[in-house]
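Below, subunit A partners subunit B and then partners subunit C, in two separate complexes.
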Partner chain A sequence: MTYDLQWNILWTGENGRWLLEGIWTTIRLSALSWIFACGLGVLSGALRTAPFRPLRALATCYVEFFRNVPLLVWLFFWYFGAPQVLPRAGQDWLNLHGPEFWSAVVALSVYHGARMSEVIRAGIQSVPKTLFEASVATGLSVGQAYRLILIPIALRLIIPPATNESLNLLKNSSLALTIGVAELTFMTRQVETYTARAFEALTAGTLIYLVLCLTIASVMAQVERALRIPGLIARGVRSES
Partner chain B sequence: MLGYFVNSLFQAQQPAECSLLVAEQVRFPPDVPFAPKGFPGAGLLDFVVDGPTKQGYQDIVMITFRQVNKWFGATHVLRDVDLKVRAGEVVVVCGPSGSGKSTLIRCINKLEPIGQGEIIVDGRSLSNPTTDLTALRAEIGMVFQQFNLYPHMTALQNITLAPVKVRKLSREEAERIARKLLAKVGIPEKADHYPAQLSGGQQQRVAIARALAMQPKIMLFDEPTSALDPEMISEVLDVMVELAKEGMTMIVVTHEMGFAKKVAHRIIFMDEGRIVEEGGPEEFFANPKEERTRSFLNKILVH
Partner chain C sequence: MSFDWGIIAGNWKFLLLQGLFGIGSFGGGTLRLAIPAMVLGSILGVVIGLCRLTHRRWISYPAVLYVEIFRGVPLVMVIFWFWFLIPQITGQRLPDYSVALAAFVVFEAAYLGEIVRAGVQSVPRGQVDAALASGLTYGEMMLHVILPQAIRNMIPSLVTQFIVIFKDTSLASIIGMMELTKAAQIVSQREIRPFEMYLFLAVVYWICAYSMSRFSRRLDSRISPDHVQSTRVLRLSS
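Now for the complex of A and B:
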């Protein structure tokens, strides 16, 4: 018995619109979470190398706390648990703006922020300590040395692992379906349920994730090329000029 | 005189040839017992020391080490170091590897904290918690063995960063000074090159220009030519000789004894964290008093 492939179910009826909505929600969810995760990651990653013990301890607590709990548990916590202890005004705001979506943003941000933090800490620690000394020796403050020297160099060094982490974030955003966010995986399942066409629907979902990830990877590769430091070896090629 | 050249750079619109004239006007006669206004160390009469003023430098103490001791864990790296460096003085520090030379000069801008004793730089005690360390560091230029240029910035950006961010100069003003300094160190055409596109000698000259751009009162050099190929050593030393002639207060860790003979007012020999011997270049090389100094000099001067 052969399975009769019907690819047209992907765009007939409501299905096409659902998939597009799913893609858009996945992009919005991932992009917002990515921005917050990068912010948290840069801040806590930098603090983990700071020359002040209490700041280092604080950042270490953040990282160890948030990366050592499964993402699924964080999603449930931020969706079912955390809103209960919010003040009234906060709950009202959430209910107006879609509590599932924002809980997922928080969960993805803190979890991937903690993981990003490790990437950034490793990047900062691989910048020679002597560059930090050279910059404070000219009279820059510790904060300026981080902002102007250490972090800009570290960010260039960590583009490959940060890309990896960003792709993980995008893929992990699919877990948000468990708290009812209508993102891509959710919509794929919905198409499958309504049409009973599992193979076509899931193939479409797979390919869309693949395309999204490859796009991000190639954008990051462009960024890496654009930020390459002239004269330094990059990707095995000595740059001209 | 202190930093003629650098000072002249900061006098807006003054052509470089004028620098000597300007210097002439502010020359500080050796017999005047106080520093003129606006001069580094001015008003710090308590730091004026007695005794005849040696030609070429001031009787103002810029750096004082008082019974300084430092440990790295259990290793005792500086032992009872007493040292005074006066404004305009050029001091060369030499000694075997591990004797504490780098540590000594890194203590001056507190890249290393000390265990015991006191260090006073330009009238300010480093152990005093109210001393503004960043402001003090801005007055002290430092040049490292490994250049330590910021790899993601061009030569020009390396030089202008601190003047813009710390001294709050406008970008145009900072760039004008940076270009003059690049011309001074002999590589005006390299302004837009990144460190990785420069030779070692060129990188070190950019590093010197970066330090000078802050118009420092003191320049510290930690083996500035040790990482250079032989043919590049002299281009860096030439810049340093020029700087010494202009009256910069300099402490130079180096084994370039030719340089020491030519410009040092004083040579310090360190061993095992102690200042074993010090003296003017003639007596230091002609008849070193200590056995350890003699055997060290034999080792480095023979080949």
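Now for the complex of A and C:
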């Protein structure tokens, strides 16, 4: 295989700017979706352990439906399918604010919200049941027990699997290229198309993803250590996948 | 806004037979990609998982590197790499199916390797000592003593990963392979009915993935030894 490498194509001309824009879009897309996904995850994860059946059923339906369908299908659904059932005003708003980006945010948030919900439910369930009973016995309401006791402890237990899931979100944001969001993978492809230098462009994209993922993983490991409650079930939940 | 569900009645044969099962003139097919990817990925996964566990560093370090690299990169990126590299190395264009299958096997093996490693590590240390003390070689010990016990512990995470692989095959549509998602894209573009089409697509994927997860839950409760049962509460996303 003969192929002479020209790494300088990565920063000459427009290419460097494209890659940087790609990184910025990937970060913006992932961060925004992450916030929504966490919100949805905490809400539905907590509801799934709530002592009231219809609420549990509602949350279970949400989780089971959204996480068992590929993200790519959700992206197509939210980008091509869903806007046509929106009211007129909603469609106009979308067209003004970039329908690709916002469809990707919705798809990523809802899909990863469902997956995050599983992580959070497992976290809540790994908090001993007696803790809940004890907090109710001391006079806290169910809401207070969740807000003051169960959720703060569960949140710490779920840091490792939640980090894992957040990295999945970051990596999955690359699928947004299929609906035309100019994120990192999209820009990598664009550099490749304009320069016909696939090896260099793909290497750059791959390394950027690796650096992003490894940085977040190591920061979260620090956070986990900093927030550890001394004496509490040392390492509660660890997911293998 | 009016819906026209007739497009599903009119196209289900193409979608399910060609897209899902791969019976038709286009080759490909979701299941025809997913099942070989699961089998070959598991074989490579066992190799990588066992490599990570050996004490010989020149074997275990490359395995660690392999796992960390592929788990830190999106699958789309890996698919593009294979799309570009395979023609460079072999000097000829291979069908999209082979490119997709190669990418899936290599990528998923990193995740499956981690499952194998966790499964083997869940077998009590005493089993290794006892097997070696009774005169088995390392290979015999792995094959007859450790792996059969490890596989039982691995099954829940393994099935979860198989569901992930099944869902991931939708990404093969990005390089143009004909599978369920690609078939739906084609129909949706022809009929200009994206809402109905993609909702139907979601339902088909959901039925397949959800029945796999129900099946695994039944399997899990039937074959798990007791010590696995007691740790079940701690496990995620079964």
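Here, the second predicted complex is superposed on the first by the 229 of 241 C-alpha atoms of A that agree within 3 Å, B and C clash if a C-alpha of one lies under 4 Å from a C-alpha of the other, contacts with A are read in each partner's own complex, and residues count from 1 in each chain.
Note that in this section a contact is a pair of C-beta atoms (placed from the backbone, for glycine too) under 8 Å apart; a residue touches a chain by one contact, two chains touch by 3 or more.
Because the structure is predicted, anything quoted here is derived from the model rather than measured.
Student: Contacts for A:135 in the overlay, against subunit B (first) and subunit C (second): which applies, first, second, both or neither?
Tutor: First partner only.
Student: Once chain A of both complexes is superposed, is A:189 in touch with subunit B (first), subunit C (second), both, or neither?
Tutor: In the superposition, A:189 contacts subunit C only.
Student: Figure out whether A:93 sits in contact with subunit B (first) or subunit C (second), or with both, or with neither.
Tutor: Neither partner.
Student: Should A:52 be classified as contacting the first partner (subunit B), the second (subunit C), both, or neither?
Tutor: Neither partner.
Student: Looking at the overlay, does A:7 come into contact with subunit B only (first), subunit C only (second), both, or neither?
Tutor: Neither: A:7 stays clear of subunit B and subunit C.
Student: Tell me the contact category for A:230 with respect to subunit B and subunit C: first, second, both or neither.
Tutor: So A:230 only meets subunit B here.
Student: Among the partners subunit B and subunit C, which is in contact with a greater number of residues of subunit A?
Tutor: C
Student: Of all residues in subunit A, which touch subunit B in the complex?
Tutor: Residue list for subunit A touching subunit B: 128, 130-131, 133-141, 144, 148-149, 152-153, 156, 229-232.
Student: Which positions of subunit B touch subunit A when the two form their complex?
Tutor: 109, 111, 134-135, 137-142, 144, 146, 148-152, 161-162, 165-167, 193-197, 207, 210-211, 214
Student: What residues on subunit C touch subunit A, complex-wise?
Tutor: Residues of subunit C touching subunit A: 1, 69, 71-77, 80-81, 84, 88-89, 111, 114-115, 118, 157, 160-161, 163-164, 167-168, 170-171, 173-174, 181, 184-185, 188, 194-199, 201-202, 205-206, 209-210, 213, 233-237.
Student: Give every residue of subunit A touching subunit C within the complex, in rising order.
Tutor: Listed in rising order, the residues of subunit A that touch subunit C are 1, 3, 64-65, 68-74, 76-77, 80-82, 84-85, 115, 118-119, 122, 125-126, 161, 167, 171-172, 174-175, 177-178, 185, 188-189, 198-199, 202, 205-206, 209-210, 213-214, 236-241.
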